[in-house]
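Shared chain: subunit A. Partners: subunit B in the first complex, subunit C in the second.
Up next, the complex of A and B:
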């Protein structure tokens, strides 16, 4: 069945970023097709915790993106609300050592300067906010803009609301090419989907899709494990994590980075997440990772020592060497746009990414300067990548 | 066979068992016995408190059952095996150990053995790590559940569960018990129930049994299986139990408890024939649709699998019972459901392979015959494609999370879910306490994706958080 369908854009990837691209493109009046080798939310999205965080980001392009996304998620919550389990619960970042509070004060001051809400919490106020928090912690910061969604539901509902035609379970095997090497659609095992623009929202697979277009996009996987407890009454009210987490996200180290982000969910289980390792796509369980997550969660919330961990899951975050996503048209290939490489922040950054991509598809001025996210910024950067890539 | 209930001796790095057998049912017992007979140092790691698994489940000694063997086919084989194992000093029996993860070792590297992480109870110190050079997975199978309206009513039990309760506590689920579903377990269960004094108004079998006619040579090669079936049949006949073929319980009725069931005739695709419904009064329903291999510990390690004629996913093994993961062997139901005789033979074969000895001819012959019979049985009792027709939208598919079939269908039709994993993410079906062991096959059918690749499961059972937080001692042979 080789039938050409007149779409304005084909989005490759039915994760939350692809779904957001489809949603905003369709809302702008474009005719959209979404194609994925698996089902909706079958990759990193389905393994995510649903963090919508501004608290863990230093001022810079990613925080700008996160602040835009925070506003967009609030709008989306009006439309989707409980169906995507949106909870504006706020984040509580706690210091685990007295020296950590100075670090938090410094970061919060910088963040506030660019529009982040950050409220200092004294040691004796911590347990008012989180009654089960360990005693004796030196203080922290409350970030009311931090929020939560259920990632798979968010992707599925954004995609459905977009009204885009879905081609799920079809892997993209090639790209249609036009004059001057432009991309004019995709080829799957079952059909060709022609469109003047193709958006690469393929997550950890984004590098391979770029390669089909003959360009390099060095997306690498960073593995993470999340522990899920048995359903519990609400004992954790915010997203709570130790100050070390902020340092981990920015780390270029290949070693295990973990500091427990602990949070409750509407369904009852507490999620304990955010181990970070660069081990390629190796799925092998390392009990040492689970041990660190559990120990750190228990250090923050001693009551968790008495509960059962019901299951664990793993995922692979797609990251680029400078830890910023690739967003926007690829200067090297007309018709090819990128929306991938969001590492562990894809759920949070999806709406802003989708909106910015749709602006560029329509030739409109985007809300943010896309220069830091230029997909071709790694040209000639092999040496940097060698130094920072997987060991 | 010393049984270790106390804190295992720890801290012996570099010293480890030659073989750790996970599961003390027929396959595991036979493997441990044979391996020790060949001079291997064996850990028999089992979740149960007494050896025997589900098949050789028996009453606790405190119950003082006069003749536990009366409930068992093959009790003599078990008694012999148990006695032999008890006399083997090379086998350490580790009961009450729930293995939550198997960490693969590097074959030939003494410094990097397999590590079996187990939980032994709720306390922070109830953690154990067993070190071994090789691992045999003999974790058996669990029941396949196909939901229908009313299946969550009190009084509705599984056929296997009814047998297990009878074997372990000598109790019956009711007085007038309909036995329904598909597979040879129905006859065995009904036979046990009538022996124990229950009335069984009907056995409702979904297939026509014509499937067996296609395998006459296989049947001829398994006279023991025919005799077993004939013995059940004769006993049931004596008690006037009626077998209804090509029929299914499509609804259970009652408010506080099941009081009746509706039975309908099925066509070849298991679609209920309109107008064929009739009601049978009862106070219990024992339902069974065969077994599904329990293989999470191996699939988490990436072990290759095969899908059987009944759609059940089992481990792929070679002629020596080796899985695709170096150092990991499998025997019995984990390689495809086939019964106790097959499991015993495969346990012996695996032990020989681990010990580097040639496979004994007798067990090889048993395996060949019984595997052929198992394939025939699986094909004959495979759920028909249209069974989901009797699952109304308001029927809970996932009991743990109370997800009705309608929600699963909406996730597929409207939200783009194409397989069981995505349905789980979008509806929570399979996210509850049993982790999809109960609803997995049903959700897979309703999502249209079939069994597919098994979802990775870093933890194969719940673990107290304190035990993850505090790494425990490691143990090898004393």
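Up next, the complex of A and C:
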């Protein structure tokens, strides 16, 4: 074993959430180490999309987190800007049937009450915003706060700017324990890293890390596929999706949900994502799901029928049974903090998570009430988990 | 030594493809990329940003470097397409889909 290095905090996980934790902790003067068993962004961060959305969230703790993150992403964009492909392009949510516009009006009214910008778009204005959009759609809403980043670049730049020491290719296999069972560092195959605080930013594998500390955190995988088209000029200007998407995101069902979210990228390809289904860590390519995504995207943008899909990839979103992340200190184990379980919104929610975690590391008052994100909230919730768990 | 002799190949009669209007000969079963390489052509696309030359890289359909316009369709992987008589390959500039620009 190498000599112990004293850090203020060890972050486990070099995905976007771990990188954001490292960034904000270092910015407040803490000495940070980041450990990952793989490379930077080698987990779900490198296997998803980079939508930073407020539009798909109903008022509640997740939307509060998203609004805080929206503000933080804007600040970060001033520092990193084009290097993380930040694009404040806005989201366009379209109704696909007349009844859908009523649903959108209702949701937008609730969201506006808590600070979301949502502008109604009449049927005849849709194609001014998106010239390739299908004709005859009944209307929609423009959400100017929705934005986009390239997740792997975002994680890499946040981590670099943090100046944290990186230990990559080293799995955390155990935790150092102090008096009273407190966590005082991590053990990897190559070394021990001592620190008075350890942040669990292990994403979809956060439950396993919690188990090393002897506590339960029921993080489970929710699979998603993304289609990548051939490189194109900007044929899609906003992030565009059908109103049904919001219901999919909130769904507790294990069955497949899919409603295409379509967006262009600075590199050229259009991304079409993403399906949601709970099938464990099954990596099998499912052509049926890909077909459905493609058909839904082509229904929104008929021009996509003339475009080739070059490839597809999949990732596993880290979800907790109530669809909220675990953020902050674990009341059961002194020294252990959590920052995981962000499901399909971890890129968007990363900065707020990092900031709130660092507030608690320093014993400062966080910007938001962390009660809804308490890591120990699933204690004794066996039945809920059975109902929500994998089928 | 001619690689055909090395393996004792007896290919059928060559066919002709057109590369930027110029006739190039291709053997049956040869991909468009292989036929162009055999003719000494290494690049048939320019990149979207820097305008730099590109041709085949992996040769097995994975990298999407070898894109060009084939018979009017942009973004075809030349390393996967068997050369057919009369195929027209055109050097592709950038994404080749300027027609979709809005």
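As a convention for this text, the second predicted complex is superposed on the first by the 390 of 391 C-alpha atoms of A that agree within 3 Å, B and C clash if a C-alpha of one lies under 4 Å from a C-alpha of the other, contacts with A are read in each partner's own complex, and residues count from 1 in each chain.
By our rule, a residue touches a chain if its C-beta (ideal position, glycine included) is under 8 Å from a C-beta of that chain, and two chains touch if they have at least 3 such contacts.
Only a predicted model underlies this, so the values are computations on that prediction, with no experimental measurement involved.
J.: Consider subunit A as the common anchor and indicate whether subunit B and subunit C clash or fit when overlaid.
T.: Overlaying the two complexes on subunit A (C-alpha atoms) leaves subunit C and subunit B clashing.
J.: Kindly classify A:132 by the partners it touches after superposition: subunit B alone (first), subunit C alone (second), both, or neither?
T.: The answer is second: A:132 touches subunit C but not subunit B.
J.: Is A:310 touching anything from subunit B or subunit C once the two structures are fitted on A? First, second, both or neither.
T.: Both subunit B and subunit C are touched by A:310.
J.: Tell me the contact category for A:38 with respect to subunit B and subunit C: first, second, both or neither.
T.: The answer is first: A:38 touches subunit B but not subunit C.
J.: A:219 in the overlay: touching subunit B, subunit C, both, or neither? Say first, second, both or neither.
T.: After superposing on A, A:219 lies clear of both subunit B and subunit C.
J.: Which of the two partners, first being subunit B and second being subunit C, lies in contact with A:66: first, second, both, or neither?
T.: A:66: touches no partner chain.
J.: Kindly classify A:234 by the partners it touches after superposition: subunit B alone (first), subunit C alone (second), both, or neither?
T.: Only subunit C; A:234 stays clear of subunit B.
J.: Classify the contacts of A:298 with the two partner chains as first (subunit B alone), second (subunit C alone), both, or neither.
T.: first
J.: Can you tell which stretch of subunit B bumps into subunit C once we superpose, 27-35, 63-71 or 207-215?
T.: Comparing the options 27-35, 63-71 or 207-215, the clashing one for subunit B against subunit C is 63-71.
J.: Residue by residue on subunit A, keep only those touching subunit B in one complex and subunit C in the other, then list them.
T.: The overlap between the subunit B and subunit C interfaces on subunit A comprises residues 230, 307-308, 310.
J.: So in the complex, which bits of subunit A are touching subunit B?
T.: Answer in residue numbers: 14, 38-42, 46, 152-153, 156-157, 159-160, 166, 168-169, 225, 227, 229-230, 267, 283-285, 287, 290-291, 293-295, 297-298, 304-314.
J.: In their complex, what parts of subunit B are in touch with subunit A?
T.: The touching residues are 101, 103-104, 115, 117, 124, 300-302, 401, 411, 414-419, 421-422, 425-426, 428, 431, 433, 435, 449, 456-459, 462-466, 468-471.
J.: Could you pull out which subunit C residues touch subunit A in their complex?
T.: Going through subunit C, the ones touching subunit A are 48, 64, 67, 74-75, 94-95, 97-98, 100-102.
J.: Give the list of subunit A residues in touch with subunit C in this complex.
T.: 131-132, 230-235, 237, 268, 303, 307-308, 310
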